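Should a chain be cited, it is by its letter among A, B and C, assigned in written order, with residues numbered from 1 in that chain.
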Amino acid sequence: MAISIRQRPGAIYSYERTKFKSIMKNIFYLLSLFFLFVAEHSVAQTQTDTSKRYIKVPAGYLMVLRQGDDVFKLIEGMAMVEKIPSATLSGMGFVNARFGFFNFKTKEYEPREFSEVEMGSMTGSIAWQNGKPSLHIHGLVSGKDFKAFGGHLLGATVSTGSLEVLVTLHDKQLQRIKEEPLGANVLQLGQ
Amino acid sequence: MAISIRQRPGAIYSYERTKFKSIMKNIFYLLSLFFLFVAEHSVAQTQTDTSKRYIKVPAGYLMVLRQGDDVFKLIEGMAMVEKIPSATLSGMGFVNARFGFFNFKTKEYEPREFSEVEMGSMTGSIAWQNGKPSLHIHGLVSGKDFKAFGGHLLGATVSTGSLEVLVTLHDKQLQRIKEEPLGANVLQLGQ
Amino acid sequence: MAISIRQRPGAIYSYERTKFKSIMKNIFYLLSLFFLFVAEHSVAQTQTDTSKRYIKVPAGYLMVLRQGDDVFKLIEGMAMVEKIPSATLSGMGFVNARFGFFNFKTKEYEPREFSEVEMGSMTGSIAWQNGKPSLHIHGLVSGKDFKAFGGHLLGATVSTGSLEVLVTLHDKQLQRIKEEPLGANVLQLGQ
């Protein structure tokens, strides 16, 4: 059968590339966690890139992320290492940010990048989804002309400066579930 | 006397309409409180519109408001049900928001509506005024083009998504008083 | 020698003016602290300009600054009087704000003033630098047209209204250090 002979080679290639990327992503993830663990528990701290990224405070954790840090990866890493049941985030700093506005027709985020901008405010939460940390973070950024842009954060890295984040810890393990027909991930308060 | 015969019928109609609206508002208020109470104390929780809107956390309360929820009414309802002495709010989500900029000449707010926008940040406080909860909330919103708008919130409803709010509880009953000639409601720290 | 006779009089004048300004600044500082102390500990509180500016709450301190208050001076004053080891700030109100965007070439802030604007969100931290309180605060403001502007706050005074600030207290004395070649002050989490 003609169709089975051709076997959609692009799809196979794409599948393997995706698998490779997924493996690389997991390796990177485990390495990040390893360094987070080392940084948190090492006796001799130095103020280089290996400096610790968070400390325990009465409200939860105080994070200071540094130039080049992947904001989402490091918060997710901390959530796993510290077994955070759930938490609310609040922060500010200097970042490269990627925002996305959810298009309810296509059910996809329309993204836009903002480079080397002040993060005037960052507000969000840590919960769990399918056994993994689930972040929901909104932010407001501005550049040289001070005009503010904001929305749902898809990702962010720290630019020339730092990002300070207060993580207010909750005592209940909370899940985030994609609710239909809403098409949005919603933090669940029930059991 | 001509003027007394005409008796400003518009004013009377307006008075009765206002009274009717006031009664309806109170009924709606009590119903909201009833459902809040039921939602909070019912044994069998379901993830529908009757799902609970907040849980107790170490810092105070974590609220997750849902599509169609009136943000101010539900926060005021929680303040009454839980007898919150005073609190600070922080939140983010997807809303329809009404902002007002205070005109110090007319002593009125000049309003503007923003529909289906990301609430990038919401900051405010709960106190009491004339025996009722008094909210003072500021917010920043943005739409598809990510341009941010902000100011004093006159009202908000949750749009297609949710609104997460951390309520940091204080232990002192605080009042808000309208101070003259300032013409602004100010949170009072003294006795 | 001609040059030594002229002795750069402008420079001397400038030095003395700087010294004079520095002394005046310190006097103002001590007076501010004195009034803060009086306000905090006086038995008879009145709701005038001498009313207390903050109270203790479980999370730390709740501040309500009033018309004309210098936001940075009063937070720094509280940090000294209460010996705050470190803290995270969150606030909102009505202000005159001065923002600065850091120019990494000139290593200076390019400032811009915004008068009589709503502070939609204010996020920052209190730490220590060279024995003095060190504030790092970002904010978002908007005026009559609700368009938002934001960034790194260089200074702010309260305008016709108030500024409410929640100070979430940490238990560790933290330092802020200017890191090179970054050229930015970074909050230090290590020992």
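By our rule, contacts are C-beta pairs under 8 Å (C-beta built on N, C-alpha and C of every residue); 3 or more make two chains touch, one makes a residue touch a chain.
What you are looking at is a predicted structure, and each value in this text was computed from that prediction instead of being measured.
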TODO: Could you tell me which shape the graph of touching chains takes: line, ring, star, complete or other?
DONE: complete
- [ ] Could you report, rounded to a multiple of 5°, the rotation needed to superpose chain A's C-alpha atoms on chain B?
- [x] 120
Task: Numbering shared by both copies at the chain C-chain A contact, with half separating same from different - done: different
Task: CA centroid of chain A to CA centroid of chain C, Å - done: 31
Open item on the list: Going by the contact rule already set, what residues in chain C reach two or more other chains?
Closed with: 59, 90, 121, 140, 147-148, 150, 168
Open item on the list: With touch defined as at the start, can you tell me which chain C residues reach chain A in the complex?
Closed with: 59, 86, 88, 90, 99, 101-102, 104, 110, 112, 121, 123-125, 136-140, 147-152, 168-172, 177, 179, 182-184, 186-191
TODO: Would you mind writing out the residues of chain B in touch with chain A in their complex?
DONE: 45-47, 51-55, 57-59, 62, 64, 66-67, 90-94, 118-122, 140-144, 146-148, 150, 160-162, 164, 166, 168
